[in-house]
Structure formats: C-alpha cells, structure tokens
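Before any comments, here is the structure.
Chains: A, B, C, D and E, in written order; residue numbering restarts at 1 for each.
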C-alpha cells in the first residue's frame, strides 16, 4: 500500500504546496514527504476525480474553486468526500521591463489594447490601436505588446474576469449589447500578434520581456517580488499591488487558492490528514510563515481556524 | 503470495527444470548409444524448463485477469436482495463501495452491516483465490515438468520446441508496436467522438479560426457557458506545416551536405570525430532549444530583419523552424551518411570512369541511388519536426492564425494539444476534448504521410535494385 | 565518331603532344566550368559541416557559460557550538534484545521528532554572532535569519541524530548561504540599483560584502547540487540527486525493455515475417509511431499503465514504460536497417554448417548487428532521456523532496527538473541551476552514449 | 536431365555394356556405371525461381566417395542444382523445387526430415569465401560445438587442428588462431571455409567454384585436398575451369541452360564427348 | 578452351622456331614489333596496395587500334594494371603507383594532368556490369551530357542510338529506352556499359573481364562487338578465358604474380609460348 501522500494540480499553488510538503517531511519524521505534482488546476482535478484507490491522488491543488460539473464527475467515480481547503490569496500584476515606460493602467486600457473590436463613437470598429498613447495620453509612448497567460492557466480566468470584462463593460456601447453577447464581444482577441498568449511559466513571460523591450506581461505577485531588479509593476486603477492592498481588497486583480482532499483516503494514506492540517497551520501559512515568505497572501486567523475545523470534521462538499 | 514472488519462484523452477532435463537427456543418450540424440543436452534442459514455467505463467496471467471479475460476481450474488432494493442504488456503486471497504479505504457515510459483511467475504475470497492460484500453479508446473521430462527420447525435437517458443516471443514483441498504435487510437477515439458531439466535424476540419475560449470564463455570469468558441483546425495545421517546412528547409540542405561531405570528401578520422559531435545536436533537450530560440535566435532574426527592412517577429514560425531545423540536422546527416556510404562503389567507379568529376558523380549518380534511404531519413526528421512541441511553445509565438508568412507568429497542433490537455479546462468540455481530436487528426496525417513515403520508396526501390 | 589524330608520332617518348580529337577538345573546354563547380560543391559541403559544428559549439558554450557557475555556490564557514542548553534531548535509543524491529523503529522516530523540536536556528545565530557581532541584536533578527539558507538547520539536526556525542562540542561547518546572497555575490544583480529593487536588505548586503572580503563567505564546490533532492523552502539546498536517480531508473527500464523488445521485433520482422501486405502495414505503422507526438504516449501511459495495470503514479517504472513505447520504433527501425545490411553469405555459412535459422541469427547475425543496434539505442535513449512532455501526464512533473530508492518509488526526472527549475521565480539563481542540470543531463546522456559508442567500436573491430 | 534432344548418342552398345535396363533408359539415362554405392539420387528435379524454370528435370546419381564435377556455361544452373542437394535453396523465398532427391534412400524434401540435420550431413563450401567474422579458431570450432561433437576443450582443439591441417592451412595460421578469419587472404579464407565444413564430418561436401577466387598455388593445394578428402567424403564440385574438372574429378556432368546434357567418367567426357554441345563447350567454342 | 589434354605439343623446337632473342626475355618483353603507332607506354610500373607490391615493374606498349588481351591466373595483377591506365586506382585509398605511363607522349600521372579528361579519353568497362540505376537512355546520355558533347536533344538522341547500335543492343532495347538499365539481363547490362563508354568517344577502352558473368551467346555478341570496335578504338581487355583471348585479341600479355611474363602476337603466344609458365598456364597446368 502507498505510504506517500500524492498531490497534483495547479502550477500556481505548486510552489506553496511544495514548501508545505517539504517542511512537513522535515518536521514529521514518521511520514514520508508528500509528492507534489503539477499539470494545472483542471489536470489535477481530473486525476482527483478518477476514483478511489492507491493509484489515484489524494489532494488536488487548484487556483480556482471546483466546478459543479467536476464535483458531479467525482461522485460518479466514487469520490464523494471532497474536503475543500482554502489556503490564501494570490495577486496578479502587470509589469514591464525596468527600463521601459511607467504604466498606470486601468482595466479599460487593457481591454482596448487586446480586444478584436473596440467601441468608438457608438460603433464597434476593428481595433485601431498600435501604441499605448493612442489609448490614453497618460500611458507611455510604446508599441502595444501584451504577454498574457495562455488559456491553460487558471490565472487567465482571473485576468479575463477581473480586468477584461470589467474594462469592457465600462463602455456604454457594450452595455447596449444583448446580455448574452457581451462576454463574447469582450473576450474576442485581436490576432495581429500584439497579444501573445504564454502557455509556459512566468519565466517565459519574463524572457519575452527581455527579448522585446516594449512588452507588458502578466505575472503573479510573488514572481514580481523576486524579480524586482528586472521588472517594474504597473498600478491598476492607481493602486499599487502590495500584500496589504490585496488583503484589504483595494487591488482588484486577486483570487483565492485552494486544495481539495479526498476524504475516502483519510485514515488510509498515512500522513494525509496531518499534512492537510499542517498546511493550514499558523506555522506553515500564517503571517511570518515560510509560505508567506514565498509570496502567499495568508488568510486571516479566523478563517484559517474554520478551515482547520472543516478538515478535522471531514466536511465534504 | 504476490505475483512478483510467484514469478521469482517460476524462474527458480525453470532453472531446476533445466538441470533435470540436461541430466536426463545425457542418461537417455548413454542408454541408447546406437541412436543419435536429435538435440543437444541444453536444448532438452531448456525444453523442460519452459514446460515447467510457461503453462503455469499462462495460468497466472489468466487468473489475474479473470479472478477480480469472478470474485465480484460471487460477492454480488451474496448480497441481500432486500438491502439492494432498499438502497435503490445501482449495483455498480455498491460494488465499488464494497471493494473500497475490502481494500481498507474509507467510504462515504457509515458502512452498513451487510456491506461490511460483504467486504469481509470479498477479502476472504481474495485470500483464498491467492492460495488457490499458488496451488494450481504449483500443480501445473509440476505436471509440465514431469510430462516433458518423461518425453525425453532421442527422436524428440527439443530444439524445435524451443525455437518455436522463441519465435512466439519474437512475434509477441513485434505486436507491441501494433498494440501501441491500437492503444493510442483507442485512447483517443472515444474522446474524439465526444468532441464531435459538441462541434460538427466540418467546423473542425474546415474552420479557419482557432479560438477555443475558456470553457468557464465568466461562469459566475452564467452567460458564457453556451459559448464554445471556434475550433478551426486549419490555422493549427498551417502553422504545423509552416514550421515543419522551415525546419526541413534548414535541415535538409545542411544535413545532406554534411552527409555528403563526410561520406565522400572527409578523411576517415575527421568523419569519425565529426559525426558523433553533430549527433549531440539530437540529444540536447528540446527545452534548451526552446530557450535558445527565444532568447538568442529570435531577437537576432528580428534585428537582422530590421536591418534589411523586413519585419520579423522575435517569436515567429521562422524562429521556431530554424531552431527545430538545427535540432533535426543529425537525423538527416547521420542516417544519410550511412546510406550514401552504402551506395556500391561500382556505381561511383562507373561514373568516374566516364570522366565525371566527384561532385558530378555525387549529384547525378550517388544521390539518386541513395534517394529511397534519404527519403526515409527525411521522413523521420519530418516526423520529429511535426511531433516536436517545446521549441514551438517557446519560439513560435503561440498565435493560432491562418498565415503563410513565416515572419508571423503561429501555433501548431502539438502545442495546442499540450495547452488544451494540461490547461485549466473542464475535462468534459470541448476545449479539453479537442486535444484528442487534434491528436487523432495528426496521427492520421502522419500515417498518410508515411504511406505515401512508403509507396514512393517502393517505387524507387523497384527501379533501382 | 572518333576523330583520330593523324599526326605521325611514332616515338612513344615524343614530347610533342598529340592534339586531341574533336570530342576530347569539347571535353577540355567544359573542364574549367566543371572544376569550378566541383570546388564550389566541396566548399558548400565543408561549410555545412563547419556550420553544424559551430552550432554545436554555440549551444555548448551557451549552456556551459550559464551552467558552470552553478557548480560553485557561496557558503559561510561558522564555528558552531552544539550548546547542550539548547539541545535538550534524551538518550539516543538503542534496540533492546527483547524489542521487536517495529517497536524500536517507533521509539526511534519519537526520538527523532524530539530532536526535530530543537531550535537549531539558534545554534546558527550564535555561530553567526561570532563573526558579525551585531547579528544577535534584536533589530537585526530578520536580517541575520536570512544569511544561512533555511534548510541548513536540518543539516545540523542530522549531525546530531547521526552522532549525539557532538553535543557540547564546537565544530567548524560550512553552511550554504541564502540563494539571494549567492546571486548577489556572483554579481548577477546590479549593485547600483536602489534598495526597493534589491532582494537583500542594506544590512545583509553590508554584512555579506564584509564576510566575503574576510573569506568567511566564499564560493565552494556545490556538493549539495549532487547530493540533495529538490527543495523549495530552502532554494540554496536544492539538488539534482532525486531527478538524477529518477532518470537513471527510467533509462534502465528503457534500456532493458525497449532495446531488447525492439531488437526482438526487428528480428522477427526482418528475418522471419513473410513479406506481404500485413508486414507492409506493420512497417508503416512503426514508422508512424515514430511521428506520434510524445505527449500522446503520455496519454496512453496514463490510461494503460496507471489506469489499467494500476501501477503507481509518478514512479520511474511507469515513466520508463511510457518512454520505452516511445523509443521502440527508433530501435526497431535502426535494427532492421542493420539486419538488412548484414550479408546473406554469413547466414548461409551458418546454415550450411547445419545451424538452424534461429541459431544462425543468434550466433552470427545478431553479434554483427550490435553496432547498428547500439546506434539505434543511442538515438532512442538520448531522445527518451531528454523527453519531458509525456511525463507530465503520468504525474512525473512533480516536486519530490526525496531521493527514490527504487523504480516503484515516486520521483521526478532530469528534464522535468529542468522544466520546474526554469520556471522558478528566482531567475538569476535558477537560470544557472537549470543550465547546470542540463549539463548533468548531457553528461548522463553522453556517458550512456559513450558506453554504447565504446561497445560499438568493440564490435565493429571484428569486421 | 540427359538432354532429351540428344538421347541418340547413347548407343545400344553402351547400354548393354553398362548393363542398363530398358526401364533405366526410359528414365532418360541415369548414369550408374559406377563401381560404388549410390549416395544421393536426383530424379526429375526441376527448380523454379518464381515462374522461371531454372532447372528442367535433372536425373543424376552421386556415388559414395567419388568426386563429381559440374561444368557448364555461366547461368546454366550448376549452383542452383548444387544448392538443391542440401536444401540451401530453402533460404531463397521465390525458389521452388520439384521432383525427388534422396540421400541414402531417404527423401531429403520430406517435410518430416530435419533440414538442419541434413545440412550437417551435406556440407557446403560457397563460391565466395564467407568466413564468420570471428577468430580462425572459432570459425572452425563453431560447427563441432553446435553439434556437440567435442565435449572437452582438448578434443575441440584436436578437431580444429586436424581440420586446418587437412585444408592445408595449419602451418600458415597456427600462430594466429585467435585472429579474425576475415583477415586472411582470399585463398586462405576459402581454405578456412573448407576446413570449417570438414570439421563437422559431413558425408557429402558440396563445393561451388571453390577455386574461382584463388591463385594457382592455392588452387593446387585445394585440389590436393579434394584428392585426399575423397577417401572419406563424397564430393560434388562446381567449376568453370575444365582443367580443374579434368584434374580432380572422377565423373563430370555438363549442364547447359538448365539441362543436364551429359554425364560420364571424366576422361571420357573430355576426350570423347558424346554430345555436340559438350564438345563445343570443352573445346572453347564458347564459354 | 584449348583442350587441356594436349599441352605437350609445345616442344623446345617450337621455341627456337619463333626466334625469340635472349634480350627480349631479359627485358620482360617490351614487344614493339608492331605495325602500328604506339598509343600508350608503360615503363617500370609498380603498384602498391599499402606495403604490398602487387605489380613489380611492368613495361608494356599499347598500339593504336589494336586489341590487346591480358591473361593470367587470379590475383596476378591484371585488373590492377588495367586500372592504372586510366587512373581508376586513384579511387582506392591505399593504392600507390610508381614508374611512368604515357599516353600520346604525355605522362598521365603528371600532377598537372586533368584526370577527368584522361578518363574521358580512356574509357572503362568493369568486370561486373554496373549500369546506373537510371533509364537505358539516361545511362548512355549521361557521359555526353556531362561533357557537353551534344547540345540539342536530337543530337543526344543520335548519340544514344548510334552507341547502342554499335554495342549491338539497339534492337533489343529501342522500345524501352525509358526503362531502368538495371532491369536488363546480365549480358545486356554489360553491353549497355560498353555502349555507355563508347558514347563519349574515348580513344582507348579498357575492359575488365567483360564476359565473365555472361552466357555463351552473350559472350559471342560482345566478342563480335570488340572486333568491330577496334576499327576506331584501341582496346585493352582482361580475360581469364584463353579461348576468348585467342579469338578476339591481336596481341596477348601474360601476367603472373605481378610480373608481365610474356607478351606477343596472340597466335604466337598461344601456339608457341616462350616461357614455361605461360605454357603451363595456357595448357591448364594451373589456373
């Protein structure tokens, strides 16, 4: 029988999960260090929902909430006890090269930069903008080149939801469209090469910034923190992306991170319950913890206590 | 007993059988001095060993395949009918619960008494099944051993039996490749059909826009769930072809000239050193090439383009193609080199004897004669180019647009498969299922390519031999 | 046709050369052009070789320039006093004669946990304050905690577990510094940047500069890179041992599975199988398998080996099986073409002596085919070793903080490790480490290949 | 087949002389003058390569301990017929043999017969020397080891030495038995192959133009060897060299375009051919 | 072949009868009796394969428009010497040639000489037919096209037709010029190679055992062809078939173990050899 906890899922959660696993292994001599796989939130959940047994994973990391369809699929395959654990928040920032212009972005700027069609004087026209200055005088005189997360990233969902749709719907012309078509319109992207979808990690985005001075990329907050010497961050709606601003909810582009525990495996796979509890303990993911140092924006103590209680009670979705 | 230890035991038995058979055959030989033994002693030994092991192994395989089914049906037959009726659940789910219980995994909610009983029964069946299997195997092995042991006679063709067994093993090995293909097709066909239940095949095969969307963006709004984006294959296919074509444009001339130079002009020791060095190009992980393309080649090409007044994107079909071309040089150079050296000297002599220069001989006689082999090498290289992923992910710009301009960013089928599969898509959504349709399409395309190539090669071969 | 020359030149040694026939004059006229073509052709060939070799050189220089620095890593030399005040632990348990193995293990783990509770950071802090007196000041607590990488406290713990005798002694130890310090010292961060853009606080930078001038912090060969498994919480201690072993196990599976199976298949197809439509189909099918994108093999592996055969996830055995399937066509194709090239006279010689077909093949043909088989193995194993995509789907793109001790244990692999590291946010550090990992991968590949090349040479000699 | 076009040269006289019965004559003249016991008999052997008939019904006996030479112009089917005698033709996919070939009264094309055993009994030396790319010692030792003819190393050493001696190669190679057989000169290779085939003590040795690649000295050594070998073995030799046939063989068979035209005692065939074509051939009118 | 049974007829008497001088014998016979102009001269030609000397200083003249045959046992250096004459030996890495070979008075081993041109002037037909794996037409057209001998399609067609006619192949292949040359029978292939080499109008044609792989009919066709060709070309032919040498050549040179033993008018060499070894060879004592 398997004696190692097996985790898979979101690449955003991966670093945090890895640190937690490593610390867990170092602190609990009686358990083996959990193995943390990646492959994206959906990939993880797909494996998670394959069924119960030693050759299925115990925990799925996710940078989004599990979807009802996925819960149904899980149940279909016999995975009925799904314990949801929220571990903290993640901020998403826009950044450009350190030697490029300073950006003070608003969601509508980003929308105008990437949309296939933009509203102009009440009409929808093909996107005419090639320079940020054409969009707004306050923006730098730079060719538009956006490097956004590919559709395989959970980050893309937040980006579209909190930036693009937001920016898009601020136009009266869009509001005038039938409700059902609004999102379609907002999310249609120009295909002239001004927008590049990055399927890889943030390092790839960074490499692209390095190769092309004009590029503006989307990063996770922790990644930006570790590369402050190379990239600088843009304000969104005039708010700096800092931990405090995100916790306070002033900075608009952030999201919660989760993992899901397979209840059926608790008590069978040694260390599973202990690992889940350790993950949300103050020592691992509270303020001043290694996870915070790694860029996780922690939950407040009350919320963490509830979640810990949920794990203990095997509270299932 | 675990299957593993059973196998170890079988191997031990085989060794014993081998010894017994050898000894016995020697004794038979001394008893019948007038009659020549058909086979050598070790053949008889091997035969007895095989007889001891193969039937038992067969039983093991069969048992492992069938026993779980038999056990569950036995357990199912035991279940109290009224409990089933009361639960109103489907039998499948119940059996899964019971087998989870039996494997010591937890189940949702407390287990019913009858479920626990069934689980215990199942466990008991499993352990007696293991016992039974061990016993049965022991009996069969012993029977096989004694049967073959007693059959050892001078005229018994032990070597034939062994050779037949070896040949069977060879056949089995060559079916693995076929099974793999079947496996690949099977693991994709189901999902592909599911995909086509969302998207009409015509839209997929002839669509000119690739924009699968996110299956769930704006789920909170509820308005987007119906929107499925467009799944046109053509932009991806054109991207794949464009990148592969550029790669081959780089690799074929370079690789071929390298092969020609090494095979025809270079001194032997230079060839012996240069060839493995160039082969290293094939062994460098593709991710390294990817970053090489992104960080070094891309900007270089962009600057170069700018200096001659061309707009070349740093990440474009050209960048990916060039770097991929570098990677597949050895596939063409090494294989072609081998093939060119195989062209008989007589042909070269014939041409030189007519007063042709060396290069004329190469171009007009050697290369045409080596063509079938070179086509094979190019095909392998092309296959590699079409199937390559990492370089394209990093260097082609990941922009699925229908374009024939190599200076533009493109995307390819393989990249899209990876993106859609590892992506954050619902695994039952067309966004994720399309990966299987893409995989199958690519599979069929390369299959056609190979068939065409085989036909071409055959045609030449008939002419040229 | 031939216009023979009519000049009387009876003396064979005559120096007045005979004029050429008309056709030969035409030939002579064409020669200049043709010799130019010849030179050009040869030049282009040489050029191609030079270009290819240059490309190899560029790639190697690229990788080595980036990766070599990672083999050395900054470490701080400290006198650590294993203070009994701080390390208050009970006696190391010894197995009692009447005690079962399990019970003893239980007891030992309890004791280990007890050791784990000790705050080894305090030992380090005290060691630090010997060289930086301010370090123990309360206001610099945060800064002084960032000098030594966090994983080193476990190194001290392991020293104690290994040998509790050292409690009360003072030892000179080399501890890895924080990854950011390494980056700073290697000059990969512009030192003139303002504080806001620096990873290290001004105080730490001041200390580090001072200590490195004193030689207390210096670049040492990084054994950690080879001895440690991956690490996320203590980046500086991250190593390749786990990935290396994982790759090694996988390659063993590939070598012992794909190579024999491919050879067996090739033997059957080339030597025994009747030549008909069916074998054509098999041939096309094998060629086609070589073109199937590697990720598709991952799909297959996940479905068959994990889903069906219930093999463990993230295990090298599964990775090896998947890569074997992927490598199989390469081996088959290479072996078949070698078998084709072996002269039939060898087979006939053996058959003529009364060897069976099987014996002729196994005694004579196969040994001769070894070089070609090895070429196939080289190409196949090199490809398998560098392949990451299919491993993603069988759970091998994982963070594994333990070195696997067998092919059934969870592990990762070198290309996957390269993948994971190149995506790490501490780019300056991991750019070098990634290249270092590539160097290790290449070294593994080249040494596997060298073995094959050596064998190939050995067998080739006999011709 | 004794040429169906020219059966007339067999005079009534000849027939009575050799005591041939009518029945034999009906069988198109199987030449059985001989003093010895019949080792192999071929009756109405036809060989097809695909649809192309390369041998058109040959009847021929091989007598024990004789040397019989096959001569004839290139492409006439000498090698093809020779290969039938130990079923080496089986290895050619498109080759098909009809008729019957018996050895010691047993049909060698009988499906229940073990072809491997047959080939151990009927050894073959090929036209082109084809030593194994192994050491000289291993080349010779292979056969005996395969058939378990020598159980101990010393026995094997003896077999190797005596075989090499008889092939006239021992003195040249005794100091380099561990060197590759492929490193020998053409003639030495050919003698190595002969040594290899006599090492398994076959009953019959088939030699396909064994001297075509040899210089005169090597040729004479091999010819002496053949002379010696016929004490113990039956030898069938194909040669395009009539001098050689004349020197070494007891009987000669002349093939032409897939037919057996004439067969008889060698001195008779050479000095007094019965068939015009034989005469043309041996007097150099063609070939 | 001259009947081997009759060698003894060459008597001491015969030798004196033909008035061979001592000097002739000492020089290893530079036979310059000849009626015609000297086309090529070889003086003290030695050929080494690595350290092994395969030809030991041969002196020989080739007369314009004659057919000269090289005979001798296998491995005696016939092919090696032949290949010296158009420097085909250059293609063998380990081969080295010393001495002088001149053609029309010009040293063909002169470094300034263009070997491509030499080979265009001295054509070669190889022992084994080696047609290009191209169509019959392309096989012939290859050389003329290469050297720019025919500028227009119609000219090229003419060259192809006339070459094939002269090689006696035209009637057999005229309807299938676009079919591969490799699909022809052995004899046809050999004639194709001859046609190919005469298509570039060389001065000298070297033929290395052109009939060794051929049946009698094909052989006689080639022999007729040689007869016809010698009107325009100088022909050097290697053969192991003495009947053939006797039939087609004007002069014959006998090689043995790398030495040129004897050279003279063909009928003289065959009926009245001056050297014992020649006699032994042509009477079938060995070979």
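For this structure, a couple of remarks:
Operating definition for what follows: a residue touches a chain if its C-beta (ideal position, glycine included) is under 8 Å from a C-beta of that chain, and two chains touch if they have at least 3 such contacts.
In this text the structure is predicted, and so the values were computed from the model without any measurement.
Graph distance from subunit A to subunit B, where chains that touch are one step apart, equals 1. The chains in contact with subunit A and with subunit E alike are B, C. Chain-level centrality, scored on Cα centres against the all-protein Cα centre, points to B. When the C-beta contacts at C-E and at A-C are tallied, the pair with the greater total is A-C. If each chain is reduced to the centroid of its CA atoms, subunit B and subunit C end up 22 Å from each other. Put simply, the C-alpha centre of subunit B and that of subunit D have 50 angstrom between them. Our note on geometry: subunit B versus subunit E, Cα centroid distance of 57 Å, whole angstroms. Between subunit D and subunit E the centroid-to-centroid distance comes to 33 Å (mean Cα coordinates, whole Å).
Residue numbers of subunit D whose C-beta contacts span two or more other chains: 116-117, 147.
Residue positions 39, 53-54, 200, 204 of subunit A each touch two or more of the other chains. The set of subunit C residues that touch two or more partner chains comprises 27, 34-35, 356, 392-393, 422. Contact residues of subunit B toward subunit C in the complex are 159, 163, 166-167, 169-171, 173-174, 176-178, 180-181, 183-184, 187-188, 253-258, 260-262, 264-266, 274, 276-288, 291-292, 296, 326, 329, 333, 338, 342, 355, 357-360, 362-363, 379-380, 382-384, 386-390, 413-414, 417-418, 421-422, 436, 439, 442-443, 446-447, 449-451, 453-454.
Of all residues in subunit A, those touching subunit B in their complex are 1, 39-43, 45-46, 51-54, 63-64, 67, 69-70, 73, 78, 80-81, 150-154, 156-157, 160-161, 165, 179-180, 182-184, 187-189, 191, 193, 196-200, 204, 207-208, 210-212, 263-268, 316.
For subunit C in complex with subunit D, the touching residues are 275, 343-356, 359, 363-364, 368, 462-463. Residue ranges on subunit A touching subunit C, taken from their complex, read 2, 4, 6, 8, 11, 14-15, 17-19, 21-23, 25-30, 32-33, 35-39, 47, 50, 53-55, 57, 98, 200-204, 206, 222-223, 225-230, 290, 294-295. Within the complex formed with subunit D, the subunit B residues making contact are 38, 40-41, 157, 159-160.
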